[in-house]
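Written below as structure tokens is the structure these notes are about.
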């Protein structure tokens, strides 16, 4: 028997997130990967509409929890976006499964083209959550990486002054990220 | 121990759904109900930003399955939209929990301002699913109701001809819906 | 001498329709058909701007009423969309001429990416109407076809329960559409 | 018997027009005039949804040609926009009837928030046309008025230099518009 | 030492301008010119994301005033748009430097897909201004050119009647523009 | 004589910024402050259109450099947005003047609803820059403040693990911001 205990829905609509305009012009525009052509557009090219089937709107495999031990933050996000579910193209929504080890965490981040809405499914030792996102292609910026791990790097003096940290600490952090 | 078996993610991006443009102009615009003023806008009025708290982005209670026996179709949709979670206003996403009795069903419908993405959580006797939707305010049109139960009603001759049904059957259906 | 009697303008802005975002990025983007390349985008590719002429914004032929006797519903819709008038691309509007035989009808339908505004030009024996639509590419879903004629078909039990029809009637309808 | 001769559909999608984003958040948002409250929004306030009826989506009277003799340009545009048909609010489309006296004309103009698509109904002495526009609220800027009749006026030297006209001619034109 | 005297910020948000919807679907989509392929889209194709560098978001050279003596109106606009700064693609903003000779002017014009916001930097003999525009690809329609210099030309009778000018004056103007 | 040396235009279109959809429905909608009514909308209410004047599109005062010595980061941003220039409402653009003391800096930040395009005006001792932004209401999130100074605060353990900092350092930073 299934045991699902949902604790809460938490809308991550903080000042770090923003929303999204999918602008669909057609009933559907199933995405294709055009790696051959080396041509890129804002979004994705469409599959020939006459070849689209119900399978383009179907994805399976979310029931297998990924190995999260390998991640430094002891959590894992499995995102079902337009790359995995091509029928989502232009339609402005995606889903994610989040697995957490005990004391695992999802580090502070922002989604520049999406708002995230999270439903937590217990428990406390190992936890699972699902999230709906308002984009078929939600990007993520993990703040610590963006600040201390950008390439080219942000000037050392700027980071030290902005974060009130000693330059040695900033240099240490820039090596970690 | 939690046992969650996710069978599939199904994007209901069929020809019956369409997507959505939230056009946020601010980092947040927490909704208020303005029942007193009898003034309505496209969307919702905002709460005074200085009074917004983290609770405006939080909702709990989805862990309690609603009574679905009372529904003719033996299923129930619990939608967490901007009415229940006011922080969602302008942000273009909502979540729903769907409960099904054995042989229960979600009748054919369309969301005029939203695309729905569904993740099925087992099982076969009683089932639970979660859906992300690309609108904070997804409307639903149950097709049978809209066709046979509209007010004012669609002309009897039109329905009989369009659905290839005997007028008596159409009249019977119009009484049911 | 012309005799035009306009009875009414009827905005078909019911709960079955929704609107449209054209997002033009240029003054014009005249559509081309790219049937050769087998590459598709959300919308249309543009004609080389240096080759665009005034003719790309012109269409003639709406004065010839089409043969509507052949249609089961004894009506006919002639849509002037981006496929016939390539200059409409990205501009968010199209026009249609509707012809009706006596007792002809336009069956219940929805336009997922467009709102329709209809002006009726008399008469009662044979009738003509014009419609403006808020998309250069308005799609149409005829509800009876979508419900009973979809491919793959909607499950028989689901349709019988949702429409309160005997399974034999549903099977009969599925054969018709 | 009705005699309608449609000569051509002409898309006025020239470099003088641009398109429109209605961003509807609801199935409908029937407009109300809020002249009492002296409060204005971008667009219109909505009627209480529980009071909306089919009549809010209906307009009659376009069959009566307006008196065009009074107009200097001997033509007349009767626009059915959201002010006359409140159900159009947020839905991004409107219709216009255009009447022309012999040698009447519609002077050069632009619609800053709309594209216009025109279907011409004969004839040559007195003519009628219908236009669909991609906005429920299409504004019009008659170029001669905007240039020579603006308030405050555009500087005389600027107009003379820009239009290669003698200052006396510009002054004369500024008095006319 | 730098001497900068800013007199005023003037928002050219008159009835002649309108705004813009960039609809970005990605964090960036650096533009490429696809002159080889003779294929055009609404906007620009993107550079391969793996080849994007910080230089795609950088432009230099605005410190050199262009020669404005050659211009009939004795002013010059240097626009930094997506063609010059490819990283601007999809991001909805551009900048311009405007140089004016004494008594130079920027003739009446409109930006169909953009609003312009102008900051004037002194002086009176020779002047410099900067403008921000709400599009990465703002188009310009110089009104005198569009009215009297269009190709194909606007009918002579129409222009004479609309601008209350003698036909000889209109013919003269059509030869100038 | 004016001496202006422009070094570069730098588009801050990094992964930390995103763009904006203004959705104007009218030629203008000059903003008003409705502090009396305690009613808020997504964006701003409009001034009565009959009371709008050219002054609503005009702002002066940017020529006076603000005192930047008081700022910890020794720089100052003077933003001319819809609050200062009410005519900008709905039009999707704003301008900023940035002043820097020697070694002053603009700390790492993101604009959730806007892209920023910066033109640097010399020099090295004390510097001035102007920026165009693709929103009339660009918000700013200074990253250090958002991470270490949020209210309610982000959990100490989460910050320590995410930023690879000792808890004592995190506690120290939380006190500073």
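Just so it is clear, A, B, C, D, E and F label the chains in written order, and each chain counts residues from 1 on its own.
One rule holds for everything that comes next: contacts are C-beta pairs under 8 Å (C-beta built on N, C-alpha and C of every residue); 3 or more make two chains touch, one makes a residue touch a chain.
Note that the structure is predicted; figures quoted are calculated from it, not measured.
Trainee: Using the contact definition given at the top, which chains are in touch with both chain D and chain E?
Mentor: Both-contact set = C, F.
Trainee: Enter the minimum step count from chain A to chain F; a value of 1 means the two chains touch.
Mentor: So the least number of steps between the two chains is 1.
Trainee: Of the pairs E-F, D-E or A-F, which has an interface that repeats that of A-B (more than half of the contact pairs shared)?
Mentor: Overlap exceeds half of the contact pairs only for E-F.
Trainee: Residue numbers at the chain E-chain F interface: does the shared fraction exceed half, giving same, or fall under half, giving different?
Mentor: Mostly the same residues.
Trainee: So which one's got more C-beta contacts, C-E or C-D?
Mentor: Of the two interfaces, C-E and C-D, more C-beta pairs touch across C-D.
Trainee: By mean C-alpha position, what chain is farthest away from chain B?
Mentor: E
Trainee: Give, as an integer number of Å, the spacing between the C-alpha centres of chain F and chain C.
Mentor: Taking the mean C-alpha position of each chain, the two centres sit 45 Å apart.
Trainee: So how far apart, in whole Å, are chain B and chain C when each is placed at the average of its C-alpha atoms?
Mentor: 27
Trainee: State, to the nearest whole Å, the distance from the C-alpha centre of chain A to the C-alpha centre of chain E.
Mentor: 38
Trainee: Please set out, as single numbers or ranges, the residues of chain E touching at least two other chains.
Mentor: Residues 15, 17-18, 21-24, 27, 41, 43, 90, 112-113, 139 of chain E touch two or more partner chains.
Trainee: Judged by the touch rule stated earlier, which pairs of chains are there in contact?
Mentor: Going through each pair of chains, those in contact are A-B, A-C, A-E, A-F, B-C, B-D, B-F, C-D, C-E, D-E, D-F, E-F.
Trainee: Help me check something: in the complex, which residues belonging to chain E touch chain F?
Mentor: 1-15, 17-24, 27-28, 57-60, 62-63, 80, 85, 87-88, 90-95, 97, 114-117, 119, 121-123, 126, 128, 130-134
Trainee: Inside the complex, what are the residues of chain E that reach chain D?
Mentor: Residues 15-18, 21, 73, 103, 105, 107-108, 110, 112-113, 139, 141, 143-144, 146-147, 154, 157-159, 161-165, 169, 173, 176-177 of chain E touch chain D in their complex.
Trainee: Give the list of chain B residues in touch with chain D in this complex.
Mentor: 21-23, 38-43, 112-113, 135, 137, 139, 152
Trainee: In their shared complex, at which residues does chain F touch chain D?
Mentor: Spelled out, the residues of chain F in touch with chain D are 21, 23-27, 29, 34, 37, 41, 43, 45-49, 54, 89-90.
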